[in-house]
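Okay, structure first, notes after.
The letters A, B, C, D, E, F, G, H, I and J name the chains in turn, as written, and every chain counts its residues from 1.
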């Protein structure tokens, strides 16, 4: 089940540099584990913004909330969720897993 | 070069059914040709909306404008374009072409 | 899987009365079938508005889109979808099915 | 008398952890008492948000204001209230209490 | 139970003058009956706008929806409803019923 | 001359409790004096909000600005002013002073 | 008593040219009479817009509403009213009446 | 060349009172010098707001920016600029300089 | 004197094709004359939109309004005007006229 | 490939003056290097705002993001990006480099 998620980050200007570095390292690792696991399918940087557009493929709403709520950057994010469905114009690739 | 594009369609309620069917058929064919060609990478339906979220991979801005401007549904669409870049947290797949 | 859906209706002022009555009758029947089937769990009128707030319980995004897209009033509606999850403060009723 | 209430929480990033834990514990208990009493009929988490959608069934406006104003998280919330009425398409369950 | 209601009117520019006059006459009569009955407590014109701010005192949400839904101008209105409660700073008049 | 005024209050979370209590006491007293004097005709709490809707009857714009500017809570308020006029549908009470 | 009023005009694209010319002629004459009478103190065109910013000096709210409501272009306008007061930094001209 | 400028002030609640008094005194003097010089033609207080609506008559854009950028309150202001032109309905006073 | 102008076009879907072609031809010619004359310095298409971003260099506000008001597409446009000034970081080209 | 970029700056009121001066000096130098290199084609101050409108000519999205992300003022900026394309009405200068 697919969802488009836009995450916009506002890190406080006075956040301690070490604390910030630690959060960002954990965020990256957290994201890459979920990418490796197949649930976080895409992540793109929005040009000129501290934000990303991501596509998630999860079993259900609860799982998506769980993933987002536990993002190390969650307290600094504004998040926008759009549930997606198959589009009738989509070309189905022959061997798409 | 990647772009996220959100297209929202408002077909006039009194549009002739044959005209409408023709436009929709041409829209689908137009989209599928570009998907086959690799420039229109993804198209998803936004749940409960007459709109889609698409990802384009084009050589330059001019080409993206050309594609969107010539959509058969263009006169009925509101379009929002977001240029994308690679995200530092993105996992690079070993054999991604 | 739960979703909150707000539907706001704008029927054209010059819509033929018989056509309108037919659409509304089909809308009501369509809604009540889905209520009886358990997928459309709640429907409330928003006071002073031609709109409703509904709660759906569906198997997946595709199903929700299918239900909304086929509403007889869909061409006259603006629809807003919010995916829901269980709230940690929710009291679990002893015998809630 | 039914109301839909959307509560969005913004806890200050520098709030003392003990103070925060105490507020959240009192909020949960406060909410569950009202759920047990039947006035707070539903509470759902909005996916990816620190916010909830709730349905209240209260005797009058004064009572709803009283409930919301005394939420332990009230000073940290943005609240949106929508009065609800019975929808003509609602199926009436035979033995609904 | 008090509610503030803002009603903004957009009458189509090509509405037949007789039809319009009839609707306006019925609207005025409808409003004055409810004012006489005590449910429509105040109605003020917003300066420079085709809109009014009104205060209603009704027994419950259902009654308010019923009143608004049956306004002769309802199909031409955008309506905004704000539930009101007693303010702690309000001076209680000695003999206010 | 009537005006509708909506005042929304945001008291800083770290405001000293004594300072806050003093401001609120002065605000209440200030409001009640103007109510007693007839210029502040109505004040209602907006349900679930730290805000009020008020009706003022003042001799001129200057007087209204003077009243609002000197509210003890003014530095913490967002204020929205709507000039009002008599509505043609208003029922004139026989002995309304 | 001063008010700033912004008027934005949207004339329907299919309005009969004679009807339009007549409305515009009456609008101009109406405005100039009020300018001559001193109530319509200023009128400026907003660059690149079919809209104006005006300053009115009227005895009371009722009079301002009366003036605006009877503008020949009123049915085609969106109007925004801001009550004004004397600014403490304003230089008082020696012989300003 | 005329411009309408709306300036909205947000002075931090914890700004030192002496610093604030100094800024306000310099702001007033700065404004009055420009009023005396004829470039700052009008300044009105918006009722109930810490904001003003002003009319400037300057030789060119650069000059207007220079004036606004050097306002003592500039760091605390949100500013909105509207270029104005002569309105075709404006009555030309016989001896207007 | 520089201005950034964003023009967004909405041509009615039922506009006669010949009328439309004529307007567009006149628009193009009108724009190119002003480009040749040096007042319309830049015009860019916004990707995926029926709108442009333009830069004008005109003697005064009146002239800019005159240019925009007489655009053949003016009745179909929404226009947004931003006055520009020299930026302190701008590199001055050696022989820039 | 052209992009219009609007950058709006909000420097914290309590930022150390030396730190601020250093950031601004680095920002100016950074901008001027890119102007000299031809990628930052235009930069204009928006009148009355701490913001600029800029035109960039870059090889691809990645490069634009890189430029913007590394602006010394980036943490204090709100940035809006609009991809541009050639406009069909644009006059092509004979010897435009």
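Simple rule for what comes next: a residue touches a chain if its C-beta (ideal position, glycine included) is under 8 Å from a C-beta of that chain, and two chains touch if they have at least 3 such contacts.
Everything numeric in this text was worked out from a predicted model, so none of it was measured.
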Joint neighbours of chain E and chain B, given as chain labels: C
Minimum number of chain-to-chain contact steps, chain D to chain H: 2
Other chains in touch with both chain E and chain J: none
Selected interface, G-I versus B-J, where C-beta contact pairs are more numerous: B-J
I-J, G-I or B-J - pair sharing over half of the B-C contact pairs: G-I
Distance-maximising chain from chain E - centres being C-alpha averages: J
Gap in Å, rounded to a whole number, between the CA centres of chain I and chain B: 28
Intercentroid distance (Cα basis), chain J paired with chain C, Å: 46
CA centroid of chain D to CA centroid of chain I, Å: 51
Residue list for chain E, restricted to those that touch at least two other chains: 2, 45, 47-48, 61, 64-65, 81, 83-86
Interchain contacts, given as pairs of chains that touch: A-B, A-C, A-D, A-J, B-C, B-I, B-J, C-D, C-E, D-E, D-F, E-F, E-G, F-G, F-H, G-H, G-I, H-I, H-J, I-J
Sites on chain G touched by chain E in the complex: 5, 12, 61, 64-65, 68-69, 75-76, 79-81
Complex interface listing, chain J residues touching chain B: 1-3, 60-62, 64-66, 81, 83-86
Touching residues (chain side chain D, partner chain C) in the complex: 2, 4, 27-28, 31-32, 35-36, 42-48, 52-53, 55, 82-91
Touching residues (chain side chain F, partner chain D) in the complex: 13, 45, 47-49
